[in-house]
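Dumping the structure here so I can ask a few things about it.
Each chain gets a letter, A, B, C and D, in the order it is written, and its residues are counted from 1.
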C-alpha cells in the first residue's frame, strides 16, 4: 500500500509571505502544488519553491488558478473554456521553466480555489482544464477527487489521474466534501486526522458526516498548508501511515520521479 | 548571402488590438518576437500569434520585457539582476508552452523596449538577461545588436547570437542608433529602407548620420510592426534583397528550423 | 420633453486605443461614463476623457467595473457584496480626482459589463453597487434601466435614478433586452435607431421583438461607442430628437450641471 | 514644543497581511500614510485602515507609490512627470473616497519607496509629485524631509510641508540619511531611538555619523511599521517626548484635524 501527500506551496508574492512554514512543511510532503503567478506566486517564489521541493525529493506540479490576485483565485470567474485552457497552458509553461532550471520533472497539475471548485462539478470547466493540460503535449498527471467532473474529463482525454482525498475534512454520504462553512467540516485534531488518513488508504473509506461509511478512492492526501500547524498534521499523518505499513511516496507520473533528496530536513 | 527579417508580434491584449496588420506582416517575416504577457500579450494572443507564425513558416522567439503593462515595457525599471533573470525565465516558459501546443520550436529570445535599451549598454542587465535564457537549459539564440553589452554577455555565456540591424533607423558614426527623438533618426521611405537593407547584408555597412560609412554586422533585420505600412516596408525589403541575390531565411538556431509554411498568404 | 444621451468613454489603456473616435463621439453626447482603471482606462486616459467631456459640456460619470482588465470587465466574478461596494467606492474616488482637477462635477455612476448585467437582476449585487455609491457621501445619480434590481436598490437607498434605454437594441415583450447573441437583437440602421429613440422619448414605448408595444421609461439613451459609426448613430438620434421637439440635455444631478462647452466641435 | 509621529499603514493586500500589528501600532501614531492600491493595499485594506485611524484620532494621508505591486514600489521606474502626476492624483482620489466614507479629512500626501527616494533629489520627479497633489485642488500637506527636492517643490507650489525626520536612522554630516545597506545606518535600541527623537524635537539636531551635530528640521517623526517591535519603538518615543514636555499631536493641515478618538486602545 502506498499513498502521496500533497500540499499547495509557493503562494507568497513580492514582499508578502504566506506559509512562512514552507521550509517546515516541505519535508513531510511527497508532492507540491506550486502557484504559477496568476492567483499567487511570482518568478522568485516559483524558483525558490521548486528548489526547495528538489532539496526534499518532493514532486512538483503546477497549481493553476484564475487570474485574480487580489481575490487569491478564490472567486469564481465566468471564463470561456478557451480562456481557461489557454490560461492553464500559460501557467504550466511558466512553472515548467523553473523545473527545467532546477533539473526536476514537472509531474502534475492541480486546479486552485474557485477553478478547482468549479471543475469539480462543471463539465465544461473540467474539460477546459484538462484541455489546457493536454495542449502542453507532455505527460502530466491531474490531481483531482474521484467522482468529480475533473476526474471524468481526465479519463476521457487519457490524462493520468491522481485521486485526491482529504483527511482533515468531513465527507457527506455521497462522497463529496462538506462545505467549509458548515460546523464540523474541518477536522483539526492531529490524531483524528491521522486515523482518517490511515483508513482512507488501507480501507478506501472514510466515516461520513452521518456516521456511515463512504468509499473514497485515494492516491494522494491533501494537507492544507494554510492550516496553523500544518507541518504537525502532516508529520502525524506520515507517522500513522508508516505504522500502518503504508508507504508514503510520490504518485507515479509518466514525467518521471523527483530526484532523491539532496539534503536532510 | 542570407539574412533574417524579424518583427515584434503578439502585442495585442484582451480587447485591445495593436498591429491589426499581424496577418499582413507575418508573411513577409522569417522570425517573430512574441510578447509573453508582461509588457504586452495574453494567453489567447500568444496562442494565435504562434499559430500564425507556424502557418507562414516563421521562426518563433520570446519577446521578454519588464512587468509594466500600462507602460508597455517602455519605462526603465530598476530591477535586480536576479529579478530580471527570473522574469525572463518565466516569460520564456510561458511562450514555450504555446510553441509545444503548436508543434514549433522556440528558437530565440529578444528583449523588449526599456529592457532592450538597458541591456544594450548595461553589463549587469545584459548578463541577467542572458542568465534568464541559459537557465531555461535549452539552446536558444539571443537577438541583439553587434557591439552591445547583450552581445558580449551572450558570447561569454556561449549563447548563440543573431546580430540585429535596423534598415529604417539612422546610425551614428560609432555604430549605435541615433535616438528616435532626433530628426532624421527614422527612415520611412520604403525605397531608401530597402537600399539600406541590401547594403547592410551585402556590404556589412550602413551610411552613418554624418555621411560616412559604419560597419554593422547583421544576421537579422528588424521591421517595426507599429510603423504604419510596416508590411509594405517589409515587402520592399524582401524584394530588394531577392533582387540583390540575398536569401531571406530564418537565422539558424540549435532549437531547429520552423516547419514549412502550412498555408499561402 | 427632454432626454440625455450617454456613452461609455475612456476605455483606452496604456498604448492601446479603443474608441479612437472619442473626439468625434463626444460632441454628440450629454453624458460620458468614464472607465476608472479597473476594467479599462488609466490615469492619463481618465484625465484626457474628463477634459474632453468638459470641452463639450458633457456630464461626467464613473463607469465602474470588475477588476479584470484582460477580460475587459465582461466576465462575471463572484465578488462578495462588500468587495463590490469597496471596489465601486475606490473607482468613484479615483475618477473624482480628475473631475476636481478639471473643475467639473462628478454627476453619476454606471456599472460596466458583467457588473451591469449581474446588477440588473441580482438584488445583492445591485445593493452592493448602490452601497458603493452612497458610501461616497456625495449626491450621485445611478444610471440603470427601469425595472432592474439596480433601479430598485437605488430607490430604496434614496439614490436618484436616470433610467437608461437603448435605441439600438431589440426589447422583449417583458421590457428586458434581447440578448446580443440572438439575431435581430442589435439594430444598426441609423434611421431606424433614430425613430426608436424618438418613440422612446415621446411615447415612452418601444416596439418589442414580437411586434407588440412595451413601455420603457427613459431619461437617458445609451449609444454604444464601440459600434462602428457610433458618432453617425448619435448624430442621427440627436437630429431626429430635435426635429421631434425633444430637448437633448444632461439629466439633472444633485451634483450640478456640467459647465458650458468651452469649444465648438 | 510639538511633533507628529507618522507611519506607513495599510500595506496588506488581498489574502496577504503585512504589519499584522497595525492595530497595535496605530494607537501610538498621530498620522498614518495609507497605501492606495498601486504599490500595496486594496479597497478593503484602505477601508479598514482609514477606519482604524479614525478610531484612534490619527490623521490620514495618501501614501502614493509606483505602479509596481510585485516590487512593492521599491524599484525605481522611469516615469514621465505627467505619468507621475496623474498616478499620484489617481491614488489621492481613491483614498479620498474612503476618507469621505469614514467622515475624516484627507490631510496629507507622502511618497513611498522608490518614488520617495527619487523625489528627494530629482527636481523633475519632485515637481511631478507636487503637481499631482496640487491638481487635486484641496489643501493637502506634503510630508517630506527638509532640504529635499520635494520640500523645495512643495514650497515653490505653495503646498504646506510637514518636515519629516527619522529617529531610528543615522544621518550623514550633510543632513541626508545614511543608506540602509551601510552598517550602523539603522538604530534599533528603543532607548537610543527615543533619545534621538527628543533631541530632534527639542534641539532640532541629531548626532551625525561622524560624531558631529547636524541640524534637522522636524514636524513629524517617521516610525517604520515593518521594523519588528515597531509599536514598542513608537511607545518609547512617545513616552520620552512626553517626559521632555513635547506634545505629540498631528501636524496642522488646512484640511482640518482628525476627529477625536472614538475608542481607547
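As a convention for this text, a residue touches a chain if its C-beta (ideal position, glycine included) is under 8 Å from a C-beta of that chain, and two chains touch if they have at least 3 such contacts.
Given the structure is predicted, the values throughout are model-derived calculations rather than measurements.
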item: Magnitude of the superposing rotation for chain C and chain D (Cα, nearest 5°); value: 180
item: Same or different residue numbers at the chain A/chain B copy interface, by half rule; value: same
item: Computed distance of Cα centres, chain B from chain A, in Å; value: 39
item: Centre distance in Å when chain B and chain D are each reduced to the mean of their C-alpha atoms; value: 44
item: Overlap residues in chain B, where contacts from two or more other chains coincide; value: 70-71, 83
item: Residue numbers on chain A that touch chain B, as the complex places them; value: 37, 43-44, 46-47, 82-83, 86-87, 89-98, 100-101, 103, 135-138
item: Residue ranges of chain C in contact with chain B within the complex; value: 13-18, 40, 42, 69-72
item: Residues of chain A touching chain C in the complex; value: 67-68, 70-71, 75-79, 83, 114
